[in-house]
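In the two complexes below, chain A is the common chain; its partner is chain B in one and chain C in the other.
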Partner chain A sequence: MKKIIEKAKFADFVGTLLSDYEVFAPVKNENGLVLFSRISSPEEIFLDFRNSKKPPKEFLFPQVETLFEYEPGKVKVPSVEAIAQRRLFLCVRPCDVKSFLILDEVFDTEEFQDVYYVTRRRNTTILAMGCVDPPSTCFCTTFDEMGPFSREGADAFLVDIGDRFLIETLTERGESLPLESLPDASDEDVQTAEDVEKKAVEKVDRKLELSKLGEKLDGMFESPFWDALHEKCLTCGVCTYLCPTCHCFDISDEALDSKGRRVRNWDSCMFPLFTLQASGHNPRPTSKERMRQRIMHKFNYFYKNYGVYACVGCGRCVENCPVNLDIRKVLEGILSL
Partner chain B sequence: MEVEAKIREKAKELLESKAVDVVIGFEKGTLPLRSTPAFIRDSSETDRLVWNSFCENNLATYLNKLKGQKVAIVAKGCDSRSVVALAVERQIKREDVFVIGVPCRGMLDRRRIEEAVGFEILSALESDGKLVVKSVDSERTLDREDFLFPSCRSCRHRNPVIYDFLAGEKVEESEVDEFELVREFESKPPEERWEYFKKAFEDCLRCYACREACPFCYCEECFVDSSRPKWIEKGLDETDVQIWHIVRAYHHAGRCVDCGACERACPMGIDLRFLTQKLNKDVKELFGFETGLDPSVQPPLSTFSLQDPDDFK
Partner chain C sequence: MNPYLPRLAKIEKIKIETEDKMLKTFELSFLDESERKKFDFKPGQFCEISVFGKGEAPFGIASSPTEDGPIMFTVNKAGVVTTALHNLYEGDIVGLRGPLGNSYPIELFKGKNIVIVGGGFAFTTLRALTVYMLDNRGEFGEITVVYGARTPGMFLYKEELSDWERRDDLKLYLTIDKPAEGWEGKVGLVPSVLEEVAPSSEDAFAVVCGPPIMIKFTLPVLDKLGFKPEQIYTSLEMRMKCGIGKCGRCNIGHLYVCKDGPVFSYAQLRELPMEY
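Coming up: the complex of A and B.
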């Protein structure tokens, strides 16, 4: 169904959502950063944003997750029930929604399911929002069927058409949102939404042609291309931590005497300890091997394994890299070889 | 741009004569208001080098990765102090580094510029102290002085303190009180200072961009990566995050040149310098020392003098 929410009534709508779900929405924090956070009132929502600084992946795959706690004679495993609340991700951008589908490939497979990720994922409804004015750092249209208004993975979809939102339900879960009291969208509303969408899609014109990418990368492991590319990389973790699809993690025991907990923390292929072996040998000793790995993983291995690139073109790495190492330029460089 | 032409000419000469293996400078970035580090090894590519108000990175950090090679580096005032201090700490050999010094009027804070104009900037042009920024249908002219990085606003060493070649006319040094904000902060009651500190570091992701951008974070094993002993955990527990930053600041006492690279690298916009600034002030007051000004002076925390203050006795 297609309904209308007047912007003046959006707070009321969010109020009804809050009585049914734990709601996670974009919020501008006291330090001026736009981040997805759990809200307790509609007033906290901040919608004048291109995209959040951090991707919302942390609400499915937390940066720090306790696997179990222990003390002598006792092991306590976190209960799945505690994280099985009905949740709603509100105003998530299509690129971030797509990233969940990519993370699913890793954490929710036929053979193995990460019970914590899967529990959260299966209890989350996604009300996405299209990007009316995508910034120039976005390149989502590079990827199959992706774009600023891509509905893939969303349960319902919001389009900003001026003084109102058009809300479109896409799945059964979306249909079960509290929309009955809302007016239906008129033909005019639908047309306006289509026009907004068309304009936005045209704006994301940094579209790379990736069909030959796998082939190129297959032959490039020893290429001198990597020698020049990596030099300015600082091997910090900004790109990996702000990336919606990066999912590497490290397991650590935090203990004091005989009590402690085992945690899973985000890790980064850029960090010096990544792939450092107990012998002291590190097969990826410098930024050259690490940068090569990053590109190979996202644009070759992951694609071969799962049929999708581990990148959604959100542009956070482009915007935030301290040395302006631009992944779009890297891909263009590879494609031109 | 005269300075830019001089940098290019010198770089070409150095590479052609094989005086250096690589020139580290800046080239055009992929975003407006951004230049990016460039590593030029071929004398035919020196036209890639640029000089503008977006050359914000401290390139001295790369010297730690190029030991054994002969390197030319484009260095602003703060960067040149890093070169001096790295040589004092014996991380680089002064004779292996050719410093192309560039007098600097400060770099521009693109995040604040974008916030001020309220639209996405698609192109930017600098001239005569003004910055013209444009989007598809908007344009604004700004005074560059209003948008300097905080570290540039309190800079007292705009001219390189050492150089093998100076690529421009020296600029007037500022008489700014570089510790004004530290004094202001020091005068606040402890509870207020603690609240500020807690709030400031709330958004830290432990991405270590600050560490990697800093020329003085060159330890082969950073204390956060030590597992035997494990000093702090790797997660986001606030005490771990706070200790990471406090200890990092202390590790820089007597070594920080206040270039601001840490603050600029941080994706979350954390006020990182407020800790290191305080330590710089303490070091200046207790030991009369400022990092990277005199290649013959040892940093105070790596040596001692019988005249050292000992009012703790």
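Coming up: the complex of A and C.
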């Protein structure tokens, strides 16, 4: 179903969502950063954004999360109900929606289900929004079937067509959104949306041809390519923290006397402690091995395991790297060897 | 089922294994006895042991599934969790998560001659495997064990080793690095003793666990004896956290040591980057 929401009435629409869901939407904070946040009123939403500084993955896989609490002789199982509320992610960009499908491969396996992630994920409705004005750091069209208007993984999809949004439902969940009272989209609206889409897709002009990448990387573990690549890397880890598909984590205990909790925190393959063994041995001792691991894991190992790259082309690592290490150039370098 | 939740276990017994007191064996039993029946494992698998407040670390299971009662782990005091574990007393409570990982390929080993090559404190899951084979003796061919330690006091499971020495259905060769008073076994490093013992590679598998330097010099000897890479197995160690293939730190190539290992054949390892 395709409906129209007048921009002037968008706040009313969000208001109806707020009575049914916990809503997470882009909000501009006091420092001028646009971040996804839980909103309590429609006025908090900030729509004049290209993409959020941090990806919304933290609402499925929080940066810090208690796995359980313990006290002497007792492990207190956390209540899954506490994280099982109906959630709605509003105005998520298609690249970040795709990242959820990639994270599903890791956390929602038949063998070991990550109950924390899976519980949130299964209770989340995704109302995505097309990127009318993709920034120059984007390269989403590099990946199969992806682009600034890719619908994959979304329950419903918003397109900004000037003074109004066109909303398209894509799944049963999307159909169950409170859309009955909205007017149907006219043929003209649909045509406008298609034009907007076409223009946006053309704007993402950095498209890499990756079909030979797997094969290249297979034979590259010992390549001198890695010797120079890592030299300016500070191993600060910002690329992994802001990556919507990075999912590595640490587990540690926080204790106060005999009580405490076991927490997991985002971790990064760029940090030396990530693989440091108690004996002092470290299989990835320098930034060379760690940079190689990041590239290999995203573009070779992950693809081998799940048939998809662990990258969605959102460009956050390109935009935020303090030494301008551009993953697109890295890939081009590999492909040119 | 929540794969991150440990089950509570009581330390039934602690035994100091080595003369430097750095290795202790812990016998653990679940507080909820019904958990023991559900704890179905094979030699080569591991568990995550929690010392609440300090964290969790992975340890190979040293007991064999053929043994009833407590589950056994032998722990080297090396980091935060192992030090905390060494400081505990009998009766203290820890957490246990597992069994995790794959195992030695028992089905593949059946009917074959098995050569076990161990060094130092890496003999824990090799003990599990050896006990398993001895308890199912009819199902395996010849069993040869070459086990080396720096000094006589550094062997694990000393009483058991002297029981094994008296058996005629297992060939045991113990070796120490330098001559020591009262030592009647072999003297020399594991690779040279293995070369001297020269077990046949025909219809055989070798299982090698030990320090990297021992493995490095043992592989050429096995090659000389005619063992092909697919006839040689080992168990890898990596820093681990989740133990279920999600947290990302133990991967080597596209495999995760915790989920796809820890046991690998050399044929498999040759296909992977040397990043361990």
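Going forward, the second predicted complex is superposed on the first by the 337 of 337 C-alpha atoms of A that agree within 3 Å, B and C clash if a C-alpha of one lies under 4 Å from a C-alpha of the other, contacts with A are read in each partner's own complex, and residues count from 1 in each chain.
The working rule: contacts are C-beta pairs under 8 Å (C-beta built on N, C-alpha and C of every residue); 3 or more make two chains touch, one makes a residue touch a chain.
Just so you know, these numbers come straight off a predicted model, no measurement behind them.
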Could you classify chain B and chain C on chain A, in the superposed arrangement, as clash or fit? fit
Which of the two partners, first being chain B and second being chain C, lies in contact with A:V27: first, second, both, or neither? neither
So in the superposed three-chain picture, is A:K232 touching just chain B, just chain C, both, or none of them (first/second/both/neither)? first
Apex chain A angle, CA centroids, chain B to chain C, rounded to a multiple of 10 degrees, is 90
Would you sort A:P135 into first (chain B), second (chain C), both or neither based on which partner it touches? first
Touch check for A:L47: first (chain B), second (chain C), both, or neither? neither
For A:Q113 in the superposed arrangement: first (chain B), second (chain C), both or neither? second
Partner chain in contact with A:H247 - chain B first, chain C second, else both or neither: second
Once you lay one complex on the other using chain A, what is the shortest C-alpha distance from chain B to chain C, in Å? 7
Enumerate the residues of chain A that count as touching chain B in its complex and touching chain C in the other. 250, 252
In the complex, chain B touches chain A at residues 29-31, 34-39, 57, 61-62, 65, 115, 120, 122, 199-200, 202-203, 205-209, 211-213, 221-222, 225, 233-237, 264-265, 267-270
Chain B-touching residues of chain A, taken from the complex the two chains share: 29-33, 50, 53-54, 63-64, 133, 135-137, 228, 231-232, 234-238, 241-242, 250, 252, 254, 263, 265, 268, 271-273, 286-287, 318-320, 322-326, 328-329
Write out the stretch or stretches of chain A touching chain C in their complex. 67-68, 70, 72-75, 77, 106-107, 109, 111-115, 221, 247-253, 255, 258, 260, 262, 264, 267, 269, 274-279, 283-284, 289, 293, 296-297, 300-302, 304-305
If you look only at chain C, which of its residues touch chain A in the complex? 1-6, 8, 31, 50, 52-57, 78-80, 82, 93, 95, 237-239, 241-242, 244-249, 251-254, 259, 273, 275-276
